[in-house]
Amino acid sequence: MLESLKKEVYDANMELVTKGMVIYTWGNVSGIDRKTGLVVIKPSGVDYDELTASDMTVVDFDMNIIEGRYRPSSDTKTHIRLYQAYKSLAGIVHTHSAWAVAFAQAGMAVPALGTTHADYFYGEIPCTRDLTGEEIETDYEGNTGAVIIETVADKDPMEVPGINVKNHGPFAWGKSPSEAVYHAVVMDKVAEMAYHTLALNPQVKNAPQYLLDKHYSRKHGSNAYYGQENEKGRRI
Amino acid sequence: MLESLKKEVYDANMELVTKGMVIYTWGNVSGIDRKTGLVVIKPSGVDYDELTASDMTVVDFDMNIIEGRYRPSSDTKTHIRLYQAYKSLAGIVHTHSAWAVAFAQAGMAVPALGTTHADYFYGEIPCTRDLTGEEIETDYEGNTGAVIIETVADKDPMEVPGINVKNHGPFAWGKSPSEAVYHAVVMDKVAEMAYHTLALNPQVKNAPQYLLDKHYSRKHGSNAYYGQENEKGRRI
Amino acid sequence: MLESLKKEVYDANMELVTKGMVIYTWGNVSGIDRKTGLVVIKPSGVDYDELTASDMTVVDFDMNIIEGRYRPSSDTKTHIRLYQAYKSLAGIVHTHSAWAVAFAQAGMAVPALGTTHADYFYGEIPCTRDLTGEEIETDYEGNTGAVIIETVADKDPMEVPGINVKNHGPFAWGKSPSEAVYHAVVMDKVAEMAYHTLALNPQVKNAPQYLLDKHYSRKHGSNAYYGQENEKGRRI
Amino acid sequence: MLESLKKEVYDANMELVTKGMVIYTWGNVSGIDRKTGLVVIKPSGVDYDELTASDMTVVDFDMNIIEGRYRPSSDTKTHIRLYQAYKSLAGIVHTHSAWAVAFAQAGMAVPALGTTHADYFYGEIPCTRDLTGEEIETDYEGNTGAVIIETVADKDPMEVPGINVKNHGPFAWGKSPSEAVYHAVVMDKVAEMAYHTLALNPQVKNAPQYLLDKHYSRKHGSNAYYGQENEKGRRI
């Protein structure tokens, strides 16, 4: 079942390796089939070079394994929480990419210092608060999803398509598994740029709001003029 | 039309990928045919691995698409402004390469700390001022060109063949599309070296002027003795 | 003799190259056959691209060469000391990987700043004290083993499967030669992350203990639920 | 003539590319034939991917081109000065490798912080003083050699087989062109490690002298026991 989505999810997981976002079994990508409400996700702890598309695990929102010989990623419940909260998401990724993790461990938002950032993220990339001991004990992965949702708050999740979980690392998302990976790669790259900018100029402030607005609106929304339009007038 | 220039521009764009200057669709290279006044440039937002030489877009100075099935890069107007202002330029490149961007975001010039820098850039690599909100609203890409020209001021643009736009990133140029890319790669590398030098020694000053003069003149101008001469006595 | 172990040790040594942990002849991996008490280790100073599995040297606990045409690694005695002290170890690796060495040279423990760290190391990755001049003069490699053992102290070595030797670099270990390399790679990666975190936030503290506990126990011990189980119920 | 040495010099130049020490035409390696006193060196400003072994230029100590269709490297005179001063050298290399250049631009010695350093360099890797304007005007490349010799002073050049020229970059040497490259690569790597160590612990001191002595003597001199011995008892 869902063979086409499994292939997409598998390809997106392998893209994490190609882009240098993960080593070993770190990281996981999922996709959702909104019609059935089923989530396809990388199995837990299986080496990337042993994975095949058919190894992807299919689970429902209650974590029941619907198909697959492997347990799903240990972070599956976090993915599910986000799919439940945000209907616009069709792909989610979690990595331990090094630059993003540096900000997660420092407990700092990635400031919006330039146009590279503004082309994808509308404003700072926030970092969640600490989970409490009780939140960790009772439902760690579920509460990781909850604290992300708490941090996104009343923003549109597609305007800040990635976030850092404190002392942990980035979760990113998109309208497909591959777009989720795309946002995870960009997030790590803008974190790298922000790190070096902060070292050069510790007093640096976010870029002017009108510049951030301009770049975000150049690529997103009804007045976008970056990229090409397909036959339906949708930006591609 | 301009098939040979399209090939040059295409090759130069692909060189950005090979040299690690860009990921995804970031960055763009153009070339100009001075006889017809036509500019050949990478299309906007098309993946590098789907590009072919014949996909390059041909535009005139008024941004009319003369040939090509894709819209030109959203930065095309910036390129055109520079071609209009500087007759010696035949290739221009824009990237978001990480070390150069760090200085752009910090709003700092790349200081001239050594011979690697001085072999290509005569003096610091400047960073433009902020664009005003009005400049961004009325003609963002045109004014990006204008602020570069304002910053180059009365210098010969070929003596500082690259510059950072504040909170944005590097533009570089040369006597051909491939030389423009060459200068963009060097600019990123000397930015990397300057970053680490500043971290080791925050009080560091520019290298002695006579050393900078020596290295620049060893490679450029009538007394150059670096490299080889071709049959016409021109340095290659 | 021990051809299968030689192959394992050889593969683990080559993995050091593939993972970017070593250049030239730096680094060495060993494995032990607990039945015979013999140690198989990389020869000293032989280029990686000239090595074959049959070049691995077999030594006993008294440093006698039991088989092999090459002298064993100059660090062999350190490996032997650790095998003697810790019966649970079946593979040991020493590298000069750059991020771990930075902490070894700074004489600092790698703090436990996040879940990437906690998934593998239960608490900080310590750095030994300086060896004394006398310890170096009388039995350098043996005393390097001794000071590692002194630093591990009463901890289970498998809970902190790597340690830095002051002004020198990392030793890591595991239940097999390949697991030892795995831990060495992870140690270097978490050192990289910790370095950048400390630069962003010099006052950063270790992650909350309950988060560290959670992640370590998610992957290790009787309540682990990361990864897959094999037919015998053992986590793989 | 000297075809075998040309091949060695060519291979060593290409090794600079493989090891990531140079981009474009940066860097040059030479070798000397002590019998004839002739130096074989990379031509100036020719792309690495167009070079062949037979393109290497042969010059005498007076800079006369004895064989070759290209001008020799613009740094040739520096190489010659060093060959004249130090009879034990048979290969010299100059690069602009980024970590070493950071120290050259900062005007700082690379401190001897650990065993990686001590395995190859006996003590700090010094940085020369500034050349004076007059030294640069009258005989830049010759005086670059002179200031290196002034900085090595009464040390054995083989005990510190590399040095930084202020605001410029590293020169390294060895008993062959390939050993010179080897030392250049190690110098860049220990500079990288020292950079990060200094960032972690700005007050760090050189490693204890007895540790530095131990590691250097383990690999060099009559009591060396690292590596293998060949049939003549010489360490390889």
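Which chain is which? They are A, B, C and D, in the order written, and residues in each are numbered from 1.
Everything that follows uses one rule, which is that a contact is a pair of C-beta atoms (placed from the backbone, for glycine too) under 8 Å apart; a residue touches a chain by one contact, two chains touch by 3 or more.
All of these numbers come straight from a predicted model, not from anything done at the bench.
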Chain located farthest away, centre of chain C as origin (C-alpha)
B
Take the average of all CA coordinates in chain C, do the same for chain D, and state the distance between these two points in whole angstrom.
33
Based only on mean CA positions, could you tell me how far chain A sits from chain D in angstrom?
46
The positions of chain C in contact with two or more other chains are 199
Based on which chains touch which, is the overall arrangement a line, ring, star, complete graph, or other?
ring
Which pairs of chains touch each other in this structure?
A-B, A-C, B-D, C-D
Quick check on the complex: what are the chain C residues that touch chain D?
23-26, 43-46, 70-71, 74, 96, 98-99, 101-108, 130-131, 133, 136-137, 140, 167-169, 195, 198-199
Complex interface listing, chain B residues touching chain D:
19, 113-116, 182, 185-186, 189, 192-194, 196-197, 199-201, 204, 207-208, 210-211, 214, 218, 225-228, 236
